[in-house]
Structure formats: structure tokens, C-alpha cells
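Each remark here refers to the structure printed beneath this line.
When the chains are written out, they are named A, B, C, D, E and F in that same order, and each has its own residue count from 1.
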């Protein structure tokens, strides 16, 4: 139970105006260091699961800040390489009411996108790992990183490390066509597949209209040999109010999670929190229903957390799984 | 299509406590430079319509700040006179739940309220103007300003500039009786009339109870010769939640806008955003239905924007007109 | 009508992260000086009722800050003793959506918990008092303070001062058993009893399940000789949304308050605002229905107020009692 | 020793950009409620001398904030009248290096400038007063206020209250000629006169060039019958660095204070802190040397205090008088 | 006298921790939009000289922010092209005492560095220009930009526009060798050359050790045909304290400026403020001594200004030239 | 060279008003987690020396924050026990000019002060340690902690770990007499002794007046068998300006450091930064002169760093040792 969950991906500097200010209104930005896979690692660490991030950051203060943030939350950073030119940046303004949140990416030419295969010794990295997790963002960053990701996935498989992948499609990073082609390479090595319903179309090319998501999940699991697949679904009433639910397919069975009606404080990292909650359940060998409930409860709590990373404890997730959904004051 | 929309009115320093703090709890105030007509000009400029503000500010730093704010958003400030004693100030605390937002005015004796007719050369000002817009606040500030406003309106008419007026009744500035009397002078010159339903009573003396707002609009248009009249209507559930809709009457036809259910981030400037959205449609010669949808969509987005001015682009307004009302994250 | 309401209890330094940040995310804390009984006194003072706080604070800057805060709001602090080691502290992070607000107490060994009987001259303190108010938190702080509280209650009774008690059960301070035993001592001296429905079980040992709260109120009033008893009830939909209502029993009659649907800005001090609203009605000799409406309206407004103390005026409370519940902008 | 020091003058809202930002760079302003005579009262209260402010503020939130600030520091506000239109405002940006601090006044038409004689009952106000203090700013605000000030001064004299006046010349409020004429009326009633060296010329018309300040002080004391006169002198190296010293003449003797070399955190209120320190010494019947040392030490400490009011305790002033001038950490 | 000063260069997003926090300690960054040539244009505009910036920014919010900042200060932005991938960023932490300020650049691949010759129509740009100003940073950004700069310089020369160049050597952008080679191309077209003493070595390859700076200036002027050359010199006592002076050579004569002893609030943009002050004098046809005094006085005031741009008025600069160097409070 | 420096002591929550605000003026506090020995560990980690803190913190969010801070900077926290009631707190306001910084302690009954011997397994803790460091604050916190400290010192000695002690006398924690008695127990086990000149009197009872500090150092080294002793000396001109120097005695030789004239940004942690710099030199086996220069240079840089911990890199310290003392901008 003391083996690590290792995640691989980009670390980013997130710059966001305070409150509901727009980027063009901002005189200052809150600075957070995050990234899809880092968010999973932080969330797991805060829930008490040993985790590590593998990445590459520039050898200057901004790179150091990213490392420091991970260390603060207890994530192992010993396999983060140093070098390259820059840390990717993204600007995000928080939406409200009918206005959507908006992201401006400035992440090209980052240290991780230009990393070399020799920056990572996967055999050492996976020495004490039980799960390897990455998302579709990692291979989307550059062809070379896509190749390194393939090496990583293969190495994990050889070393008996469970492979988890959040397909995480980003249309600003690559086309559906390219995503489908590249992601297809990894599929045979993946044990746990995480997606939202729209990504079923984006990354697997399966139309949703009129389809049965349970059947899609079963078909995908069979086609690629996934041990488990989780698909979440978000109904956005407005930028302040969502409904949130997921399904989970494993061992030939479908498990539906509870459906939560949420108030949105910060929606970024929702999917990462879901992935971390799922891996928390799997890592702890919970039964499938409890596993998917952990995933949906953890990510439901993410709605209430400022920043990209889901800073909630395992106790808090399990209390929500057990029904403590009405807020209040704990004193 | 490159002619300007010129607006005429007071520039104010708005001081507001941060977040939901009350004025008596505030240790600092956020400072914004705004004003009903300036808000219309800023909103138009951000949507890509050339606009200018005509006003007068004191020849010191606070006056300069007001000018700088307008310039920042791309508004032409070359016809803002300098002189007089002070910039008007208003304090506003944001309401929540059952508690209303509260305004404390400190705007007497401002540079604009004490401005002289000679401060403004309307012939020059209207040289490249297509629309002249003012609100009922401008004549409410002083008798001399009411007289200057009349000059402006007449000059616009003579020069073939479309005249737009948001009746904008403020009970703290003048009585209904005085408002009705003064505003009546301008009516014959007005092409586009903007009001909310309560102002129909306040400024035109027409009781709403049991009345048909469509009929009222038609009657007013006929009586005063308005080319168009827009009347908006707000249902306030609480300080955090509103319903928002409008009707538009032009060429003998009534057009009803969509009705939006909104979360309130900052409600101040709602009517100004509505006016700007309407003028945006008219300036671009959209059909009446699209015009009123622009007005209601622009102002619906205002609910999500901090400050008095509606910092949203034309693309964002048109996307909401086209149905993108559920928030989310654009990445 | 110029006599004071005197309250007795602990003054605390409240430290809370800004916005929705969690304690573990906070780089700074907002500092507020509060306390259950102080909140009642502040709320009364802001509503125009003369009030005083009796307490003890350390003779250093942090103690002085607590006194200064009370003075700022117009509360008499002349009977606050100086000495002892520390001001109690509590940390609170604001919950959102399904995540509850969380309190970390650090209040042991405070100046008030270790106060001596000789620190307070009750005869002098009650010289110009009409009402004495305390809550169940005060005796929960230490056995010696429980004894001092008993002295105070007896002195009040002897001097013809009305005694008000909010039973205010805090499970982190003492067990139900101890609370029931200690609180029982004060009951014979209490004229006005304030509780929420759960505290009926906690402090009086009466099960709620299937019970009639009106009957319970009547029974308690009879048993202990209360002139009046108010019981409030909160339905928490989430950390952002509550329903709030109360009942009031006096002179053999039950009075139900309006029920409000509220948005939560800061829920802390809700019960104290309720108590202050109730005492406001009693102090002004309103009829029972208006009294309980004042209590529920004042506390409903508290939901919209940052901090522990209900900074709303009597005019605002009475306007809500009169039906002004839809927010808006007052200008 | 329990009698009060009563001060009379304007309460102002001070708005200042944070740090060294200029007004034209500010997005927010720190809000402080102050005023020359209020600063004296606050400083005395913090040093343990009972004090009261007599003034008039508008009956709205901004007026209430001014009152709350005074109450916070322990100043008696029971003789502050309510009414009139506005609280005076001033904007100040902090200078640095060769750049001077800059003030923009917006204080015309304030409640106090338009106050009526009937707003103040001097007999009651002076009932338990030992000293009455005002500055030359008060009569400069309006002719009617100058007349009220004369009434106050005469009433004080009649009631045996010591009269203190800081001549406090402000060229933006009135001319030297008018100041000399108006101030001359008060001189016969003044017991303690406070000035800086430049004001000797501004208000008394005495050229400084080549003059002996000690002789000037003696002559003024003789001419007007001052019991004591204090004249301070500031050498400004830059906006960050000053030298500061004063002389004191009483009973035919000159006393020179220590001279301090200071770092400037906030220079505003320097003279008021000096006056308060002087009155502190006089109130406590210190010998003349210690009295002037208290005045110069208190005001030297003011250089280190943010805001207009000198928030330092008597112990801190006396420690500096006793030689603790090298900073350090007290732990 | 109404012709513009046109500057050409990169616009950057400057991100700096608040106060003296280091980058690795920062939880948020203040955001300023600046750039060496933009700083010159802003400073000139604030001093009342019409100015314009020519540059290229990405067509998204961050690019818009840069444009808005220039507009706010009154700079003409009509010749700023839109397109390319990103706005360059730099992080800066403020030094103190023995610790130097530190810059982390992230400016590669910016819109301006990748701009095309076709983005700029120099004939139109220079239509109403009297001076063209650029710095050595512009050609250092990319070879293509160096070529565009050469076009610009030649076009200016042809159109009779005075050419001003601040050699502004940045070792992080290019080597001395490359700088010397590239800059040499521009020299024949330059009328006004601005440098600091170290850059004489960096860019012109002239050793300073034992040299006479006056002679160097004369030689350079002769060699390249400069109408004027200004060389400034900074003595840094610490990060908080500098000495600052300059010499000016024109028409065969040397003019030495005053030497100022300064407190450092923000040193960034010092050289740009110097350049703007110099061009202010030249634009207004001041005599050489007054011109160099304007340059040194303007930049001395920059030490006291937060941000990169020297937000001081011409009146303030001229007052310092006239001797007002001791700070104080203007009220 | 990969062995750790282990430090043992209290972790504290430091709460400080922003800027130069006093505690009684503060509406919020900046929160930092620090402690004398933790500061040494953080400083060493940031300089690249592996370090660990041994302590005990409460099992709640505030305790977790302290751990997270250490992890952020790369300090090993695996031997921090959890339990007990609270984290000690101290409030500090920053002095300026003649006003001293002021500390209010609220650190009694902390988890570490009430820790048990069984909370620490020294054999394990010292397994990979090369140096053990503690300060006189640790035994001052409680008698039981003094006993645990003795165990630790003895264990270190037995295991061949170098023992370092900063005598760090705090008069608010214990008397000189008690300090002398308790500290005497540890002396025979100490290899490296760190003190300031005043502590020579406080802790060793040696009068400074007229004494030769070099002789005192030599005598102490001989008496207690110290391998090395460093004594630093601070001349405080004001709260903003200090002189700072130290001497070092080892192997019978005296080494004097450079003397720095410093601007004070934050003086807290000065001695800890000195100790860390000294241990940095010793750990890297620098010669004695370079070692003491590292100590004085590191702590000189601390003057410029906000917070208690010296966030400077080894490169920065070595650059100052090499003479880079004049600030400037590194770009």
C-alpha cells in the first residue's frame, strides 16, 4: 500500500485575475502552479496516497516555484528534470452567470514540450510505483513528447505498473484527427481509462447522439482491453451552477454515481479531481460503486476549491460519499 | 459606418468596498471612473463602435483619472472640458440575499453640473457623429446643465444626428414632477427612447398597474415621434438573482426579447449596458428582433462584469444572442 | 428606554482566509474580533440599543484590538477587565457548495476562561441595565467561569434585570451531559430562552424525532418559568443556500415567523443576530409576532454580512419585516 | 486629572493610493477618517488622556464611519452633530525621494463648514473639560465656522478651560491676509500657541529671515498673553528623510527639544502629533523640558505610523524621551 | 510643435511580486504592460508631448491589455499591428539593501520578434512625426526585427524625421560582438544617441578605464555624425540608494547635469525616463543645459515611481530642474 | 556530503500586519510558519544543503500548514510528530525609524512544549545526519523539552553527529539565571557555539563592558571544548538601518568578518540566517575566513528578505562574499 502513483505531464503557471475581474480589467494576477497530471498527484497526496510528478521545468525561479508548490502538498519531485527555456503559462478569467470562463494559452516551447527522452529514466522512476497516470494533454504538447509518453507507457506495462489515462482532449492543442491517431497508440497499454462524454467523440470518434453511454463504455473496454473505464458528464446550467455525475464500467458491470447539484467556485481541475478520486478508490481497492462515488464526490468538492488542485482530504471525500452534502459549519 | 456615437453626461468616481463588505466595514475602496453615458460609450468602444464622451472634469488628478479610464477603453475624450471644482463621487456597497445594494451620492457641485454652455462646441462635436446619446441624469444635475442638454439635442437634430435618450430617472436627484417637466422639452427631438417599466410612470406619468406595456410604448412613440422605443423589465428575486427581459417597439411593431435568469456579480450599469447593446444593433442596422436581443444579451452579460461598464466584446454578445448561455470554460 | 443590554462572554480573534480559500491555502488571514455575546451587543448597538460587554482580555495589543472593535460599533467596554494570558483564537474557512465551513479552535487558557470572580462587580455592572444576556458558551469555557456566570445570573435576578440566555451548545467545548447539568443551574433565573431545534436535544435532553416543537417550547417555558422562548430552525441546502425560520412562545401563545430562502455570504453569527433581533423587539416592547419577525429578519440579513457581527440598522431590519426582500439597488 | 481635552474641527475622509502609487495610478484607495483636531484627540486618547471631538458629519454611512473611527480609539463622540450634505474628502499620494507628497482637496460644502451655531452647546460641551484645542484650519473652512469658533473660544475662557491653538496655516484654504485677520481675533483667548516656524510669517506676519526664533516666541507670548508657545522646525532632506526639532517658551524661559533624524513612513499628521504630545505633557503637568520632549518624541514616532493619527502609547513616547531611539525588536 | 514622437519596440507584460517579496515567495504578481520604447512614449505623453508606439501584439486579451495601457496614458496606438503568438513576459523582483533586483525573461517568440516588414507602413507612420526613437533592444530581439528597424531608420531619415537611439545593451539578448555589429548599421542615420557609460564599452567597444567620457562623447559624435549624445552615469550605493548624473555633448560643447542622491522605489525604466526627458527638452527646443537637466530630473523622479513608465508631469520635472528637491507635502 | 543537517525546535505561526501597520491598526495578518531552528533548516535547504526539522505540531490544519511550509522549501519533515493542542503563535509589527519592532507572544501550551520523549527516536533521526542544530529557545519552552533536548544532544554526540547551538536568549521565555543553569548542561556536548555579544552576558554571565570579545570567545571555547564559536554584533542606527559584523574563533585563531551597512526590510530571523550561513560554510568545509564571511553575507541578505526564513541561494551568498554589495538590476 506504500507504492506511489506516478504522473507525467506539464507543469504550468496559471495566472488569473482576482474574483470575477476579466483579464482586460486585471491589475494583478493570482499565481498558481498546476497542470492536469500534477493536479492528480497533488490531490492524491493530500488524500494520503504517495504520489510523484515526472516533468521538466526551466532552471530558474519560475521553474522552482512549480517544484515548490508540488513539494508543499507532499508530492515527490525528485524526477523533475531541469532545463529548457520556459514554463508554460495560461491565463484564466472566471466566468459568471451566462459568461463562460476564458483561457488564454501561452504554453508553446515549454521545457517539457521540448524535453528529451534522456531526461527520464523510466526504470528508476517506476521502481516503487503502483500506478502510472498521464492525460491526453501530454502527447498533445509535441511530437517528441508523444514519443516519450509511449516509452513511458510501455515501460510501465513491462514493469507491472497499472496504466491510467485521462483522455483530456484540448482542441486548442491538436485536432480531433491527430488526437485520435496519437492516442490510439497508447490504448493497448492502458488499464484505466477516464473520459467525459464529449471526449468519447473527440478521441474515440464515437458519436454520442442517441447512443447508450453504457454500451459505449463496454465496447471501448472490450476493444482496448481496459480493466476499467469511467465517463463523467457535466450539465452546465450557468457558470455558477452545474450538475455533475459519472458512470463506471469494470468487470462487465456498469456503476452509476450519485448526481450532484453544485455551486461553482472554481471549475478548473474538475476532471483531474475526478481522476484522482477514482485512483484513490482503486489504490485503496474499494469496490466499484464506492470507487466511482469517491471520484464523483472528490470532484464535486473541487467545485468549492479555489485553484486547479483539489485540496480536500480523504476524510472529507468519504464524508460526502457517506451523505454529508448540505454544507453547514463544522465547529 | 465609421461615424461616432457621442454621449454627454457626468463622469463620476465610484468608490466601493471590496466584496460584500458594507461601507461602514470598509478599510479601503475600489476606485472606478464611470457615469451612465460614459458607460454607454465604453461599452460601444469595447464592442468596436467608435464612441466619444462629452463632459467636464476638474483640472486635477481625479479629473485626469476619469479621462484616462475612458481612453484606456478606446473612447475619444477630446471634447472633455477641464475646469470646475470637483468630480462627483458615489459610494456603493454590493447587496446580497435580501439586503439591497446601497448608494451614497456625493455629486453636488461637480465640474459638469456647473459647466457653461461655452464649454461645448456642439457643431464641432457632432462633426463626425451618427448618434447622440444622453440620459435623464444629465439634466437632473443642474438647471444650467438641463439648458445645455437642450442646446445639444437641438444641435444634433439640426445636424442630422440620431438622438438617443435613456430616461434614467433618479429620485435622489430630482422629483418626478420636475423630471416630467424638464424631460418633456427633449422629447420632440428624441429618435430612440430607452426606459424601464417603472420609469414609464416616473417620467411620463403613466400608471403601470393593469396597463399593457406594448400599448404604452406605441402611444409614447406616436405622441413624441420616437422612431423606436425600448422598455426593459427586471424581476429581482434577490440581490443575487434576477430575471431580465425587454420589449422593443419600432415601425408599428412590437418585438419581445429573450428572458434571462441571471446571477448577479455587479448590477450597476445594467441599463447602460442595455442602451449600448441597443445602439450597437441600431448602429449596425440589425433587424429589430436582433437589435433588442443584442440589448438584452449585452446587459445580461453585464450582470457578470465587475464595475459599471460592460467590458464585453461584440463576439461575446453575439454568441449569447446565438444561444451560448450555459457558461462553461472556453479552452 | 435608555437602559443597557449587558452581555457576558468571551471575546475572540477570528482568523479567516480571504474568499473561499482553505486554511491550508491561506497566505494571510482576515482578522475580526468577535464572540457570541459580543456579537449580540454589537448588533444591538448598531440597531440603536445601548449595550455593554463584560469580559476579560489580556493587557496587550491583541486584547486592545478586541476592545477597540466593540468601541467602534458603539458598545460600552468599561467593564472589560484586563489581565490573563491570551485572547482565544479561532480559525474559520468558509464552505461552499457541498463543502462545509470549518472551524479550528485555539481558545483554551484565555483571559476570560481563567478570570476570577473579583474581576467583575455585578452590582455596578447592572446599575443601568435592563437586560442581561449570555450564552451557553460562557459556562462551557471553564468551571470557574460557569460559577461566575451563576453569580451574574443571580445578581441580575436580584436587581430586577431581565435574564436572557442563548443555550448555544458547542460539542467541541463540552459534552451534552455536562452542558445539561451546568445549564440546568441557570434555568430558574432565565426569563428569555433562545435555542435552535437541535439544542433542545443537546441541552434539554428532549428528542426531536416525531416531537411537536410548539409543545416542547410550551413545556420548557412551564418547567423553567421562561417568560418567552424562541426556537429557530435552519434547513441547509448547501453551504451557499439555506432556509431559515423560527417560532416564538410567550404568554401561552405560539407565533411563527416568516420563512426566508437565503444566499449565504457569511453564516457565522447567525444565531447571535437572531438573539439580538429578538432582544431588539423585546427591548422596544413590540408585540410577539413583530418581535419574532425582527429576530428572523435581522438574522436573515446576517447571511449577507461579512464577519460575525450583524452590521445592519434597525431601519433595515424593519424594512425587511415590512416585506422588502428582493434586493435591488437603493439609489 | 480625569477632565477631558476637547477638540473642535473637521472630520475628513482621506483617500490614499497604496504604497507609493500615484493617484493617477491607483485602482483603489485606502480609506482613513481623520482631521487635524481629531488627530490630536485620537493621539491623546491612545496615550490615555480622555478626549472628545466636537464636529458635524452627514447623517449617512460616510459620516458614521468618521464617528466609528474616533470611537474605536476611545474618543468621546457624543457632541458630534449630524446633518449637512457631505464629509470633506482629501486625496493624498505619498512622495518619495525628490518627489513631494501631493494632496488634492475636495472638502468644500462639508457638514462642518455649513454648521450652525445651534449645533453646539458649548456650556455642556465644556462641562468636564480641562483643555480646548482647535487649529487654524477650523476657521479657514467658512466664515460661519470662524464665528462659531470665536464663540467656542470665548465660552472656554469663561468656563476656565485652557485654550490651545495650533495655528496650522493652509494656503489652499485662505490667504495669509485673511488668516492673519481672522486668527487675530482668537489670540487674546489663547493660552497655548503651537506653530511651525513658517507659520510665524504666514499667520503673524513676522519675517523669519535673520530673525531669532526665541525672541519671536517671547514677543508673541508677551503680545498675546500666551502662557506657552511651541514652535517646531522641520528640515526636509527628501520625502524619505527629515530632521525634526522644536523650541518651547513658557514663563520667560526657552526650552529646546532634542533633534531627531527620521525615516518617513507617513508624514501627514506630524504637527497634530506634536500638539498632542505637548498637551500630553501639559495635561500631566510635566516640567517644560519634559513637555517639549514629549511633543517632539511623540511626533518623531508619528513619522513611523501609517495614517494621520499618531497611534502610539504614552509608554512608547516616554521611552523615546528616555533615549530609546535606535529601533530594534522588542521580544 | 504638434508633431509626434514615434517609438518602435516590444511591448511586454511585466509580472512582479508585491513589495519586496521574491519571485519564489510570490502568490500573486502585479501586472504592468511596458517596454523600453513604450516607456519613452508614455513618459512623453504624460509630459504633454504627442507620442505614438509602433509594435505588434497578439490578437488576444493580453495583447489588448498592452494596447489599453498605452491608450490610458494618451499614447497613439493606431500603428500597433495584431497577430503572432504571444506577448513577451518578464518577471522582476525588487532588490533591497545588498540584494540586487532580479529579472527572469520569457520573451522569446513574441509577436514583435516574429513581425514581418509588411506589418508596418513607415511612410504613413512617419506622416506627422518629428522624432523617431528606438532602442538597442528592438534589433536584439530577432534578425528580422533588426532588418525592419533598419528600414524604419532609413525611412525616417528620408522623411526628415529626427532619429533618436538609446543603445540600451542587454547581455541576455545578444553578445557584445553581435550588438556592435548590428548597431553599427544604424549609427549613420542616428541624430541623437543615448547611452550609459558602460554601454560605451558594450556597444561601441571603447574601454572606459582611464578614459575621458567627454572626449569619448565628442569622438562618437564626430565618428557617426550625431547631432547630440547624452551619456548617463549611475553610482549604486545599494539597491535602495543611488547617485545619478549625466553629460550631454552637442555642437562641440559638453554640458554636465546636476547630480542627484536618490532613494529607490522602482529603478526599472530609469534609462527610458532619461531618454524621454532628453527628448522632451529637444522637442521643446530648450537650450542644451536645460535639456540635459530635464533628462536627469525626469529620470531622478522615476526613482520614486512604481512601474516601468515615468508617470510625472512636465510641471513636476521643471520644478525639480528649478530646485524643488527636498520632498515635503504639497497642500 | 549528502548527510543532513537536523534541527530541533518549535514551529510557530507568525502573524504580522501588512507594511508598517501596527497590530492595533491591522485588519488582516500575513501568515508565515517559522521558528528559529526551522529557519536554519529552510535557509540551508534553499542553499542546497539537505536538512530536516524535528518538532511536534497539532494534528489539524494549522499544524499541517507549518509542515507544508517546510516541505515547500525542501526540508525533510518526516520526523515531525503530530499531536498536542496548538501551534504557538507570535504577532509581530515591523518598526520604522525610532519605533522598534514589537512582538506579542502567544506560544504557551504548544504541541512541542508539551511533547513527550517518546515522540522522538533520536537514533533513527540521526541515522543520516552530519550536524545537529538547536537553539536556546527550545529548552526555554518547558522543562520537559529541556530534558528532551539533553537526550537529543547526548544521542547526537554518541552517534558522532556534530552539535551546533545558537544560544538565542529570549528574556520573555526565561530568566538569565534559569537560562544559564539549563544551557550549562548542554555545553560539554556542543561543538559549534553561536551567540551575539549580548548573549555572552545573558547566557554565560560574562560582562561585556570593557571586555575583549576575542578573549571571551577563546575562553569559552576552551572552557566548554567548542571546536568553533561565532559571535555576531549588531549596531542599530534605527529600525531601518543597521551595521552588522561578526567574529569567529576556531583552532586558536580569530577571524573577523566584513562589516555591512544594511537597509532593513525584515530583521526577524537575522540570527538564524547567520547560523545557517555558518553551518553552510562548515558543511562545505570552507576555510574559517570564508565560513564566517558566508555567515555574515547570508544574514546581511536576510535584511532584504520578507519573512523569518532567509530565502537566498548559495550563489547569491557567495556573490556577496565575493563583493557584489551594491544592488542594481540583474538582467
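Going forward, contacts are C-beta pairs under 8 Å (C-beta built on N, C-alpha and C of every residue); 3 or more make two chains touch, one makes a residue touch a chain.
Just so we're clear, the structure is a prediction, and the values are computed from it rather than from any experiment.
Counted as hops between touching chains, the shortest connection from chain B to chain E is 1. By the document's definition of touch, common neighbours of chain B and chain D comprise C, E.
Legend: contact pairs of B-E compared by residue number with A-F, C-F or B-D; the interface matching in over half of them is A-F. Chain centres here are Cα means. That of chain D falls 45 Å from that of chain F.
If you average the Cα atoms of chain C and of chain E, the two centres end up 62 Å apart. Those residues of chain F in touch with two or more other chains are numbered 19, 22, 24, 27, 68, 102, 264.
Arrangement of the chains shown, judged by which pairs touch: an irregular graph that fits none of the line, ring, star or complete shapes. By the touch criterion stated above, chain E contacts chain F in their complex at residues 19-22, 24-25, 92, 95-103, 105, 170, 172, 236-241, 264, 267-268. Considering their complex, residues 15, 18, 22-24, 26-31, 60-62, 64-65, 68, 85-87, 89, 91, 93, 102, 104, 106, 108-109 of chain C touch chain F. Partner chain A is touched in their complex by these residues of chain B: 19, 260, 262-266, 300-301, 303-307, 311-312, 316, 320, 324-331. By the touch rule above, chain E contacts chain B in their complex via residues 68-69, 71-74.
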